[in-house]
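Mind looking over this structure? Questions follow.
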Amino acid sequence: MAAAEPSDQTLAGALSHIDAEGHVHMVDVGDKAETPREATARGRLVMQPATLALIQTGGVPKGDVFAVAQVAGIMAAKRADELIPLCHPLPLTYVAVTFTPITPTTEGQPAAVEISATVRTVGRTGAEMEALVAVAVAGLTIYDMCKAVDRSMRLEAVRLVHKSGGKSGEWSGE
Amino acid sequence: MAAAEPSDQTLAGALSHIDAEGHVHMVDVGDKAETPREATARGRLVMQPATLALIQTGGVPKGDVFAVAQVAGIMAAKRADELIPLCHPLPLTYVAVTFTPITPTTEGQPAAVEISATVRTVGRTGAEMEALVAVAVAGLTIYDMCKAVDRSMRLEAVRLVHKSGGKSGEWSGE
Amino acid sequence: MAAAEPSDQTLAGALSHIDAEGHVHMVDVGDKAETPREATARGRLVMQPATLALIQTGGVPKGDVFAVAQVAGIMAAKRADELIPLCHPLPLTYVAVTFTPITPTTEGQPAAVEISATVRTVGRTGAEMEALVAVAVAGLTIYDMCKAVDRSMRLEAVRLVHKSGGKSGEWSGE
Amino acid sequence: MAAAEPSDQTLAGALSHIDAEGHVHMVDVGDKAETPREATARGRLVMQPATLALIQTGGVPKGDVFAVAQVAGIMAAKRADELIPLCHPLPLTYVAVTFTPITPTTEGQPAAVEISATVRTVGRTGAEMEALVAVAVAGLTIYDMCKAVDRSMRLEAVRLVHKSGGKSGEWSGE
Amino acid sequence: MAAAEPSDQTLAGALSHIDAEGHVHMVDVGDKAETPREATARGRLVMQPATLALIQTGGVPKGDVFAVAQVAGIMAAKRADELIPLCHPLPLTYVAVTFTPITPTTEGQPAAVEISATVRTVGRTGAEMEALVAVAVAGLTIYDMCKAVDRSMRLEAVRLVHKSGGKSGEWSGE
Amino acid sequence: MAAAEPSDQTLAGALSHIDAEGHVHMVDVGDKAETPREATARGRLVMQPATLALIQTGGVPKGDVFAVAQVAGIMAAKRADELIPLCHPLPLTYVAVTFTPITPTTEGQPAAVEISATVRTVGRTGAEMEALVAVAVAGLTIYDMCKAVDRSMRLEAVRLVHKSGGKSGEWSGE
């Protein structure tokens, strides 16, 4: 991930939300062009295998926990700018949240639900925060629905995995 | 964490937000007593050491990134029931979000900011989701403020570490 | 429904949200006791039989349209006081939204989805508006998801069917 | 209303918010052009004649109930995308909500308030949901303000009556 | 206003939202009793006499500008805790916003609209912020509706004038 | 400020949010071009000198009260259209809120914090309301954080000081 390592230049330029006197502000994007942008984030809700089994089969019509979490993630993406103080409002043109159950193959290993969110916009800044917020809220919604049986679930590895569009162009992480 | 392992009884009782026909609903807490409850959640935003150094010293008045993230976490806790579909509205009586920078002692190790949120209420159900939402939003706010220099940051180990109050009483995780 | 006919007394007493000078205000409920209250509202989204068939079987995993609408209705109930200007904020203790498909038995008759929402609270005023808002938003969510195939759907008969609790006690409509 | 009848093609194409695997998502409108669009929705709050008389004359300065409902409808239109899960955020350029009292000419007939909402935007998708949400919330606001005298009011015939703009062009219903 | 002068004790005790290390948090009110509380705030939107005349008579049905501002103030009071970061959520039991036009008696003097908001709750902390937010938002709503004819309007003297209830008891300002 | 005096023409044209029949509506801006626009508003929170000293030095790390108020102001600017009923939603491209402490030079004079907010957008209407809302909410946030020591603070002179862009072009007030 060499691309993500702060260069001397960015170190010199410092953090973009903080001006010369240390006051925070929303970065000015008025001079940027409105271009198509996409961001994909991922994360993982780690849980006990019995919890995952319950989500998938335990007398519960398959998919309902995921359906609620999917809706929660999509709705949260649309409100990212209300949650993240310096995040710009963006006219989202597409949001999708998907889940992949990960069943452990070795005994004693935890199970997990892999969460992925892709957000697109035609705007002056990228939709990274919207995708990350969607993953976090979708994951915590699964937590909420299952916490009566498993309070030890953990949300892990919430990260940006891909972005494209805008002046900084394409970026991929792991 | 044996306490968190689903017992046969909870497996039989299935997920509390889903009724006998598989329809989701907000769990009825009307018969529960209004009692003092507290929940603490934690998480970790893992980043490059240079990013943490920049937050702490790079021409930036120390604490400003944290001040913004603190406010974001507190405000998000108050809106958890708007984000998490089946979460009950709760009259929060206390919210605090704190940060602990973790500088790596070994070269090549990542740095991190440990995030902790404690939420209290006097209500009919616990404030676990409020604490978890506060941690996630505070962490993503730091991400947002630093993403221009480090897109590879990851939010890790967002989890409940302690709760007290209510019928199920005290619970501690790692 | 004789019970609903305005009596001479209520005509004399006029509308409760409007004071002697005609200014609107939120009615003072501070002297009312906090008691358990419940309200059930219903409505009907009328549609073409082919639209209902599509929701139920057309390549779509059964229930997903309803799952989204269910979540939308529950979340809207929690925000009724943000939408209805003079509605009091209420700590909801239970919300459920259910759907019943109504297939026409006679050719040429429209199909429909019957929507029902039940809301409970322990508060100083009833949850009628929360139940009505849940029905309306759940119905419009189905409209939104199906409008690409049927723009002529109509939301009909959104009404209170039952309430209990509080000083005015039990009330039932059709 | 032949225009609204699902064609074989739309039946084959299925519901636009649901992908091949049955997962819901917000439809991608990124490739659509930003064009002027308008939508008008209507509905009717049916009530007892005495209730309508009270709104219009009963010691209440004429228009105040309508003024509150008008504001409620306009504000709700702006938040339609927060209520309807898969609805795109749209930069509304115009919203108007109007009311027409309908006094029964025959004894025993109910009275009503006809509600109409027109919404315009310059965007990548239409404002149908915004207009429908405005009608529903305006109608329920009147319900809220009058429910102390008439709990049996019903919101009827909430429907799209006209839309223009966008690729699908003009559409009119009844 | 001697009552408002910080005593040595409060100076020593410092600001209540900031802990020993300087981190902000929402003050813990969990140990306070739920008691009836009331707060009244006032402010003044100063404007040109012609602007006030226009609001009152200029072809506009009297009261409509005030009706919109009244609704805006009431709705904002209910959302004060979403706007003011460290403000507790409170179950408001009453909100009223009223306006008094002040016509200048001397030529060259400005006109004004005096805005007053009273908020009541039964809660663990007072509703001062809710009343102040209601006054500010009601005043700015009048500004918004009249700014096409008078951009130089000013919101002045937004202040708490009375509070009662809670441990600190009654307080009156000017 | 001759520029702000209502001309005969504007008097004749009346208030822009109110149509010929006196119904309020959101003004149609669909025909306006999307152009860069900027608005700056200011206000002043007047307080006792001891209160200002406490904010600046009293055991409190300098800047924390301001940091919270800054975040509150920025976040409120983004939600102005949710608070001000007839305000258009705008894609803000820049928001900054700054504070200037004003220490009295003469004994007996009050101290103050001068609040300034600048908002930019590329849109069909100006961002005046967003800037005014940011100032008011930032000021009330300082009030909230200091009210335990000084309830008599007042928010004064909240006004537009500059706007540019759009058909009406540049405007400056005092």
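Going in written order, the chains are labelled A, B, C, D, E and F, and every chain counts its residues from 1.
Heads up, the rule we're going with is that contacts are C-beta pairs under 8 Å (C-beta built on N, C-alpha and C of every residue); 3 or more make two chains touch, one makes a residue touch a chain.
Quick caveat, the model's predicted, so the values are computed rather than measured.
Put simply, the chain farthest from chain D by mean CA position is B. Of the chain pairs listed in B-C, C-D or D-E, the one whose interface repeats that of B-E (more than half of its contact pairs identical by residue number) is B-C. If you average the Cα atoms of chain A and of chain D, the two centres end up 33 Å apart. Chain D has its Cα centroid 38 Å from the Cα centroid of chain B. Chain centres here are Cα means. That of chain E falls 15 Å from that of chain F.
Across the assembly, chain E contributes residues 22-24, 61, 63-64, 67-68, 71-72, 75, 79, 85-86, 91 that each touch 2 or more other chains. Every pair of chains meeting the contact definition is listed here: A-B, A-C, A-D, A-F, B-C, B-E, B-F, C-D, C-E, D-E, D-F, E-F.
Within the complex formed with chain E, the chain F residues making contact are 1, 3-6, 10-11, 14-18, 22-24, 43, 48, 50-51, 54-55, 58-61, 64-65, 68, 71-72, 75-76, 79, 83-87, 128-129, 132-133, 136-137, 139-141, 143-160, 163, 171, 173-174. Note for the complex: chain C touches chain B at residues 36, 63, 67, 70-71, 74-75, 78-79, 91-98, 120-122. Those residues of chain D that touch chain E in the complex are listed here as 61, 63-64, 67-68, 71-72, 75. Of all the residues in chain C, the ones that touch chain E in their complex are 19, 22-30, 81-82, 85-86, 88-91, 123-124.
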